[in-house]
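Each chain carries a letter (A, B, C and D) given by its place in the written order, and its residues are counted from 1.
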């Protein structure tokens, strides 16, 4: 039976093909300073639609600061950010969400007092509009809206295989599951760009494998563009289409994983840390 | 133990998201409501209604109001007393200006004024957090208290400087003033409190309630998920102050009959804050439990020496009450910092998994 | 031979026909529920009928025809049950397969059955099927239920369940007469047609495809329904493998004939919660499930406060004393009745509630012997738990315990329409309307199992007691003799050991040897919890199994078994002389257990040959290397030095005195 | 109207410098007292992170104990020593009963516990000493009671109460003493270690419990001094409790952990309040003293959320 040929349409790997893809976000010559200390120096790179883009680098390389710049939490002193073809003005963090940027955090930032379900529901906040008076009444429009979004959230719960903890307060969950719930919360926003800040930090091997699978599935199933920060080089190389390497706030390499891995500057930077 | 959940399954999200998805809880609630609406009116005497039930309900409502702000949205407030006062004075002015209007409507309307003022004092909450925010609300407390004294228009230029509630009828029944029966007052207070509690339960389980809790639990994450911090906090301030305002208006209209600025002092703020903390931050049921504890306990304590056969001066009893309440507050904070609501939750969980320990 | 039940409703002799009847008679009753997306999605019989019709017509358009075999692979889902009936409506034969079996095993079954279609649960199963394309040449179309991860697959011969249904609906709306044609198509089918093919895992050799006719299943199911007074109001939880005859009869044959509701859990992780929510009225579980429940109850109660423990123990004593009597309707004193009622409020009721068995009208356990204590425990709570003895070849029912006639050591009386006899060899044989048609493509095996006049060899040795109840001793071929001539029934000994919560699995050796020796597997849940309470640190199963204190504890259990054996004249000679605790858990992935978690004795004997030698050569420990297979198919090895302990045996009859203390 | 707000007060200041100086002096004295109360807060907050609302009532309680003992025939100085003893017992009790069981709770819970303590002390104080205001035993303690008038050229005179001068002196002495205590003594250094890093402090072998008892005792002493000063100016009554809330804006200006900050903050509030009340209060009917401090702090906060001496906070995620 050769009726089944598993021809998966994989994302284009080579740079030439990638260059033809649409650029979702471009960072040009961005520098960020905290009270005289330079966190990021003159960095430029872009994120293309549909790819998994990794930002890696040793501790203190400015990776998280870079994410914070992208979603408007920090405002760079120099440089421009172009989002979907438009140069972005200085914006408030909450505006990033409405522009379609979602993120997870290095140290899980879930809403501790709420259940898994409510946490993921909170990702739908921007898409729910029924006003205070409908909320007071509940019966009718507010309830219908809630149910409509609950259905979407249940899709995500199903997708992430966290049915069993649906009604558990997130504070009681083990760390690995909290990370998964946080991913679910970001997914609930149906973002164009998903920023993942060390999604696998503090996980064991099995949890890392699960998380990698989810990240790839998100990218392929929903076509979500993903930018992720990761410490673990191995994971990044398997997952990502292109990699940016930062060291001391500067970009030292940019390109497909194999290329970056072979770069002398990168090897030095990583060895320098371990020495 | 009493919870027998086997066979209670939900085939729709509507049922799954109900306020009380467990049958036994619905039964419990029904019993409480029947007690409140039928048993107590049938059995209670005037003293019980006037000195215990009415103030208890008024305080419960105030505690719900503060709980919205502090328990659900995480913004500490020490100005509850003043916001209640705004409601009281607003209701007083409204009934003076519109003497023929339905007094219940006026009371409900008075909250709008405290909501507006609450929102104004909530503005700094965008930049100020935690204890620092307490200063903002203290400013509101002392400033508003000062207004109650210094603006004679508020109390219709009375020589006494106090507001006295005029006699008003609702559907032919005397609702306010000295002649109003405790039973009539009780039903009005109960009705308003239950109604607002129910409406708030609705808000809290929906989008807006969630956005408050998001701000409370992790404001930065909330903001990055598209929650506008100022808008959300101001709404919490407004809703909270509205409820406190209505409670304040009820306090003078259906309980005290008359009030002066000192009725709405910082002491009241603390009293309500205690109800919220001891009842449990972030729990509507806790507001009722906290109010019961802080209000009813001293009342009972006052009668204890008499029942035991001691003949003590009223003053001594009062001082002792203060001490005991203070000590009990510390005791409960040590035993369960998350309040009675948490104790109830733990007990309920135990009953649900009975006979297992977990 | 045709039973009484079939005569009364000759009309509906196939499942598609019964479906039409149910849609007509019970149209608005809920037929299926599945916990999905957080709530119990429900379908009435009318809706189920429509779903099945749409799918069936869709299948037809894909080319499925009468006589084709269609594989069903996945966890219990309404759509997979529907797929079976949809196939039957076209005259095709569904072949449910154990979804957790490794690719090799599955490939054999699918290849042997010559399946042309497969309806599977998700990507995992699709991948598995794709990987065995070479072994299963006949397979032409795969239909999956869960689209996740399959978006980028080539869809030339791959279809989503929904798309097949949509196709069917399209066709119906284009040609309205199609629905009537479809119905006419299966009206012609007969009860003697093959309804389903179930592969028995078998403790030895390759799986065999048991062909069951509609008559087999439907008559057995109707008899079962009548026996336990089941009707359309029942709720069952479908959680056992769909390829297993038990699930097929309980969740499909009986569900269709009685028109009751089948509930599918959300996932295996949530099964306890799902059972609690549904609270099935008719419940079936192998002894293992009840064992686990009891173990978990006891483990959790260990952690309860002193007062609660005391109360629990007190009322459990009361239940032990009078619970079963009350259930059996015997006379019980007023004081005991009052105490039992109090216990019902404080302990039994809540316990049943937590287990989700509050509404259970009747429950069955079968497949293996259940520990008398476990059985008694559940019955004393007031649960009408009964044993049955059955086989795939019999469409389950051979013997059943009638209400009020429950004995822990027997498996009941012959089921309605079943004839029973004991062969001269001691083997149990039966004849019934449920007896299978034959093994698929294996006439030799059919002939050796089923006599020309319809009697079937069960392969089990047993006796019929004076009260007419059947008592199973062991596998007929497993009963052996020690070198000194003493009777050796390995399973009997193993079961006695396994009744201790700390012992999960035991394998006894002794046939044609000088003495009895056993391998023991400890129960990680029970022993782990014991270790936690006693501050015993361990990093792995292996470490815990080798711990001195654990050995001590197991030694006391073995000694207890020896005392019990000493008390029975027939068995006293087969006391355990030596034992060891295995360094790894017996696992189906390593082929040590069957998919239904039965021990594969001969395989184990071969695999652990050195350990068996060590048991009999007098050494006190042995170093071994064992290959293991991980869940994802990777292989590895573990090494350990296993300690062997010597036991003192008791004189025959000596145990009686001590037991009386 | 604009003239009344923006021009007239300054004209008055210029025209009546003696009055202005008098106002400044009043503000200074009030500020010193606020600073003293704030000092009590700072001590406890620094060491344990507890915002002690009971500091106000401790002031009252200390004053009442002193006066009450004296009324019952105990000589003034002995009463003073006994009162110090009582404050010590109180500190020890608070540490044992309240602080220790509540360690690691969120700040709002600790705050509420101190309010619970306030209730208890109010009840206890009234129970023992009765609810009426009492006269401070200023003379018995040998504090000056007279006043001195300074001629101010021909533009009028400024009257300084001796007790106020004494208050200022005592405040300066206390601050100096505390400064020495923190910087020069072993316990003081330990205290600072605790404030900086609990873990580090524990690792050098300092008992947190001991330190808490000590700071509560120190706060008790500050309360006693405050009580005497305040009592000498008006009288000892529970109304003083309200004044303690003023410490909050003071702390906001000065920072919760800085002793110099408490002094500076106290003075700013003291001056601001008096000048505001006397030059602008009349425009709105007077009595703005009751809230002006908070509004000053609030406005201040809006521009510098981290306080006068705090460092700019960079939010991290």
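The rule we apply is simple: a contact is a pair of C-beta atoms (placed from the backbone, for glycine too) under 8 Å apart; a residue touches a chain by one contact, two chains touch by 3 or more.
Which protein is which chain? UniProt says A = ABC branched amino acid transporter family, ATPase subunit; B = Putative branched-chain amino acid transport system permease; D = Branched-chain amino acid ABC transporter, permease protein.
Source: prediction; values computed, not measured.
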Lowest number of touching-chain links that must be crossed from subunit C to subunit D: 2
Highest-count interface - the chain pair sharing the most C-beta contacts: B-D
Where subunit A and subunit B are represented by their mean Cα positions, the distance between them in whole Å: 42
CA centroid of subunit B to CA centroid of subunit D, Å: 33
Mean-CA-position distance for subunit C and subunit B (Å): 57
Sequence positions of subunit D contacting 2 or more other chains: 315, 317
Residues within subunit C bordering two or more other chains: 38
Where subunit A touches two or more other chains at once, by residue number: 73, 105, 109, 150-151
Subunit B contact footprint on subunit C (complex, rising order): 33, 38-42, 276-279, 297, 300-301, 303-305, 308, 311-312, 345-347, 349-359
Residues of subunit B touching subunit A in the complex: 13-14, 17, 199, 202-203, 205-211, 213-214, 216-218, 220-229, 235, 239, 282
In the complex with subunit C, residue positions of subunit B that touch it: 1, 3-13, 15-16, 353-358
Residue numbers on subunit B that touch subunit D, as the complex places them: 76, 124, 127-128, 130-132, 134-136, 138-139, 142-143, 145-146, 149-150, 220-221, 224, 266, 270, 273-274, 277, 281, 315-316, 319-327, 329-330, 333-334, 337
Residue ranges of subunit C in contact with subunit A within the complex: 36-38, 130, 133-134, 136-140, 142, 148-149, 151-154, 156-158, 266-267, 269-270, 273
